[in-house]
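In what follows, chain A forms one complex with chain B and a second complex with chain C.
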Partner chain A sequence: MLKVLRDLLVYNREFAIGFVLTVGIFLFALAHFWAPMPDSAIYLLPPDMPPSAQYWFGTTSRGQDVLWQMSSAIWNTMLFGLTVTVISRLLAVIVGMVSGYLGGRWDQFLMTINDTMIALPNIPILLLVYFVMRDSMSWPVLAATAALLGWNYDARLIRSVTLSLRNREFTRHAVFAGMSVPQILVRQHLPYVMPVIFFTAMNNLIWAIGIEVTLSVLGFSDVNRPTIGGMIYWANQHQAIIAGIWWWIAFPIIAVVLLFLGLFLLAISVNEYIDPRSRLSRMGA
Partner chain B sequence: MDGFSKYLAQRLFQFFLVLFLGISLTFLITKLSPVDPVEQSVSLMTSFGATDPRAVELMREALAELYGLQGSLFEQYINFWSRIIVGDFGPSLSSFPTPVMSLIMAALPWTVGLLLQALIISWCLGNLLGALAGYYRSNMLLKLSGALVMALHPVPAYIIGLVLLLLFGFIWPILPISGGAQMNLPPSFSFDYIRSLILHGTLPALTLVLGGIGSWFISMRSLASNIVTDDHVVYAELAGVSSGKIFSQYVARNALLPQLTGLALSLGGVFGGAVITEFVYNYPGVGRLLIQGIYRGDYSLVLGVTTISIVAVAVAVLIIDLLYPLIDPRVRLG
Partner chain C sequence: MLAVVETKPASVEAKPVLRVEGLKAYYQMNYFGVRREVRAVDDISLTIKRNEIYGIAGESSSGKSSLIKTIAGAITPPLRVVEGSVKFDFGGKELDVYAERPAMKAARWKHLSYVMQGSMNVLNPVRKVKHAFHDFAFKHMGLSEQDFRARVESHLQRIGLDPRVLEAYPHQLSGGMRQRLTIGLATVCEPEFIIADEPTTALDVLVQQDVLALIKEVQQRLGSSIIFVTHDMTVHAAIADRIGIVYAGRLVEEGPTIDVFERPQHPYTAHLIASLPRIGDTKKRIALPGKPPNLADPPSGCRFHPRCPLAIDKCTRENPPLVPRQTGRVACWRAGEVEAA
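Now for the complex of A and B:
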């Protein structure tokens, strides 16, 4: 695993850039544990200070330091994204592998549900969930809802991988050796599915962060918990653009775009690493 | 049964299943609510001043009937369905007494128009660029444009919309940033009205196009670069078929089939982007209606828009599925 990482860093420029960006932003987010002031405190500092030596990214109209707000915000946003990703990966792997391996009626049933879920518009459903839950909407509930809506594309992908593994020699050996279905799936097939899970996890993380940004920008989450979307929400509430407090909006946008770029570069380079065809064509074969 | 009617039956089954499960899900979500929508609306209406308690009691009953919250859960469910089939969601509370349905019907053409042009432009452009990039792999210009659209692809619609709004609304103010058309112009087929329609639609459509083009580009490029190594393409190259013909007839045409399926699958997600874009630009479509409904606590409006958007996306998917046989002879001829 470490050797693969080293090779990718040395030979794949996209992976190297993506890795540096993602790790850099992660470290920046980690820094919020050493923040000099609590991230929920407001009107602690002089408001509307432009970026200076004392306040690197300026302060907000609510008297918060943009730099430290951002650090907490990225942490919370990433935490949300990772929660969605882990739950939805579990669903996608279980549905995809069971559907692909068992085939027949099970496959038909699971894939029909799957295709139905794909055709449902996510944002209106998430908004409806927020609307009926209102104040009892906490970020774990939102994450769980997003996860329930975000697994179906990848379940299809994992199913197709398992489908091709099912007819391979080693699967038949495992069956004759008396392994049960869960054993075959976990011990024989899962290692082959792992790279796909990793690749889809990146894309899902990007999607989940996008959902978080979208919903909190509208104020449809706990607005007192700093998140990237939440920062933009407050900036809009205080008319930051018209008041000329550009740093309140610009820095969160730059941070989230860099994070997206980093994750996306990781996703495509890992995909390339998994799919040898595109690797060969890159080498000019 | 021949292949085509089997395909048709399958698609229709899927369509009705999407409607059934989607609307049942919507019903279930409304039952999750820890707050009673009736109480919520009552407190909203009585918050302006003291009201006669008897009047409040009457209002409660009327609202419970209006929201279909009377009787057992199963009765409510049946009631919910019967109202959806006739398209009656009751009057909107925030713009009383206009029925929710007429609000939605007034907003729907805006959303459909916006989505249609954004989808067509991003799908065509993304596929063209992607196919070219997959076929002519060493072209620097294509690589550069590919990197650009791919970098924009993961950025959420809100961020793209906000940045465009800042660029063309504040820094270099050349385009209108709010509304669907100029306020003082009556809707007509006059030159002025159509011009303002196009100008107002430019930024919302551009937001959706910039966000949507990347995913088509990525999948088309990988499809095309896989097809390029296929035997039939190699054979055509050896036989001296012109490269333009190989590109359009041998590579792009084959790669377009999965992309059309992808279009049907992506509609649900694209709709979400349109909701947010409409909010950013105050565009008078169903997305803005939905978000306004949430801010104003308008239960029947939110429920109506969610249901209609599920139905609208399902219908659009069905239309694409029905167009599919036209370009794939395997389905048409069975």
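Now for the complex of A and C:
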């Protein structure tokens, strides 16, 4: 694994850039554990200070340090994204593999649900959930809701892979040798499906962060908990652009763009690693 | 390759290891209200003795694969057993494949193993070879992890493979090695009965010879019985003790290999053997006109009659029964009149 990582860093420039960006942003987010003040405190510092040696990224109109707010915000946003990714991957793998392998009624039942979910628009559903649960809304509930909306396309993809695996000789051999259905799925098919899960996880993470930012910018989340979208929401509430407090909006946007870029570069270069044909064409073979 | 082997002396144990009686297995489909029935295995009875290699020959779509899948109990709908029984005798205990499902499940791989058609793809491409052994054989052998590993390694050495292949992925091995591995996989539990479905079909002749020798050697060491299916008559000549010829889902002839090759009783067998090239013979081989019949709508009477040069009126009306004749059994109204070409 380490050797693969080293080779990718040396030979694949997209991976190297993506890796540096993602790890850099992750370390920056990690730094919020050592922040000098709690991220929920307001009016601790003089408001509206431009970037300076004392406040690198300036301060907000609410008297917070933009640097430490961003650090917490990226952490929370990434945590939200990862939670959505893990839950939705679990759903996608279970539904996709069971539906593809068992077929018949199971397939019909699960794919009916799946296709119905695909047809539903995401944002209106999330807004509806937010309005219904207004007072008891917390980020884990929102993450679970987003996860329930984010697994369908990948479940179909995994189902198609499992469908082809089901008819391979090694599956028939395993059935004949007396392996049970869960054993076949986990031990014979899962290793084959793993790269698909890995690649879709990257895309799903980007999608989940996008959802979080969208909802928070509109104020449909716990606005007292700093997130990237939440910072932009407060900046809008205080009319930061009109007041000329550009640093309040610019730095969070730059951070999220860099995070997206890093994850995207990782995703495409990992795809290249998984698909040997594109690796070969890169070598000029 | 056409060196016919001598038949072994009849086994002292009279009790056969496999008895198939009046087996009928049809593909029954019911799509959009249209019922279709494909009679892939139609009234087949045969017995296989201990320590015997029984070859099943027939052309593509004659129902050979369906037959052995039914014998192994490895069928899924739409293929269903309509009538008849398949009974194994493992160590004196009789086991009815379709009546005792749980016992049958436990017996698979331990007593009855299967080398599948296209067994080049039997190994999972993304997992190391050792996992395949573990998944298929570990629970049947009841050994500790270390003993199991040692047993697998010595077994591989005996069939001429370096135990290091256990740490390899299938794509790192050659076709011949993979075929050896699948045979090793099927024999590691020392089963009493092995079903081999076209195990040499995708191999070139050199590797084929090697694999056949290996199968024969393993069979003799373990004393197991093998049912060996292939359309390649030369392979049958090299390995089988007895041959059964399948045509359109029915067994048309059965007998000791040497007799079937030298004195075929059924016109279809005669053509099958006449079509084999022989060294020094420059005569043009004549192809039998026509195609194997559609099993959803088979011809009346003897299913071979539309293609048979000896067909008479009776053949179109009545189905000939499989009756003993000389050293084997044959299903033909004009069995005595067939001349080997």
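Side notes on the structure shown:
Here, the second predicted complex is superposed on the first by the 277 of 285 C-alpha atoms of A that agree within 3 Å, B and C clash if a C-alpha of one lies under 4 Å from a C-alpha of the other, contacts with A are read in each partner's own complex, and residues count from 1 in each chain.
The rule we apply is simple: a residue touches a chain if its C-beta (ideal position, glycine included) is under 8 Å from a C-beta of that chain, and two chains touch if they have at least 3 such contacts.
The model shown is predicted, which means the values in this text are computed figures rather than measured ones.
Partners chain B and chain C fit side by side in the overlay (superposition on chain A). Touch criterion met: A:Tyr192 reaches chain C, while chain B stays clear of it. Comparing chain B with chain C, the partner in contact with more residues of chain A is B.
Contacts of A:Arg168 after superposition on the shared chain: chain C is touched, whereas chain B is not.
In the superposed model, A:Pro124 lies in contact with chain B only, and not with chain C.
In the superposition on chain A, A:Phe176 makes contact with chain C only, not with chain B. Of the two partner chains, chain B is the only one that A:Leu263 touches; chain C does not reach it.
Smallest inter-chain Cα distance, chain B versus chain C, after superposition on the shared chain: 9 Å. Shared contact residues of chain A, touching chain B in one structure and chain C in the other, are absent. Of all residues in chain C, only 72, 74, 105-106, 108-109, 114, 116-119, 121-127, 131-132, 135-137, 139-140 touch chain A in the complex they form. Those residues of chain B lying in contact with chain A across their complex are 14, 17-18, 21-22, 25-26, 29-30, 32-35, 37, 137, 150-151, 153-159, 162-163, 166, 170, 218, 222, 225-226, 229, 264-265, 267-269, 271-273, 275-276, 279, 290-291, 293-294, 299, 302-303, 305-306, 309-310, 313-314, 317. By the touch rule above, chain A contacts chain C in their complex via residues 168-170, 172-179, 183, 187-188, 191-192.
On the chain A side of its complex with chain B, the touching residues are 112-113, 115-116, 118-125, 127-134, 136, 153, 206, 210, 213-214, 217-218, 220, 229, 232, 241, 249, 253, 256-257, 260-261, 263-264, 268, 277-278, 281.
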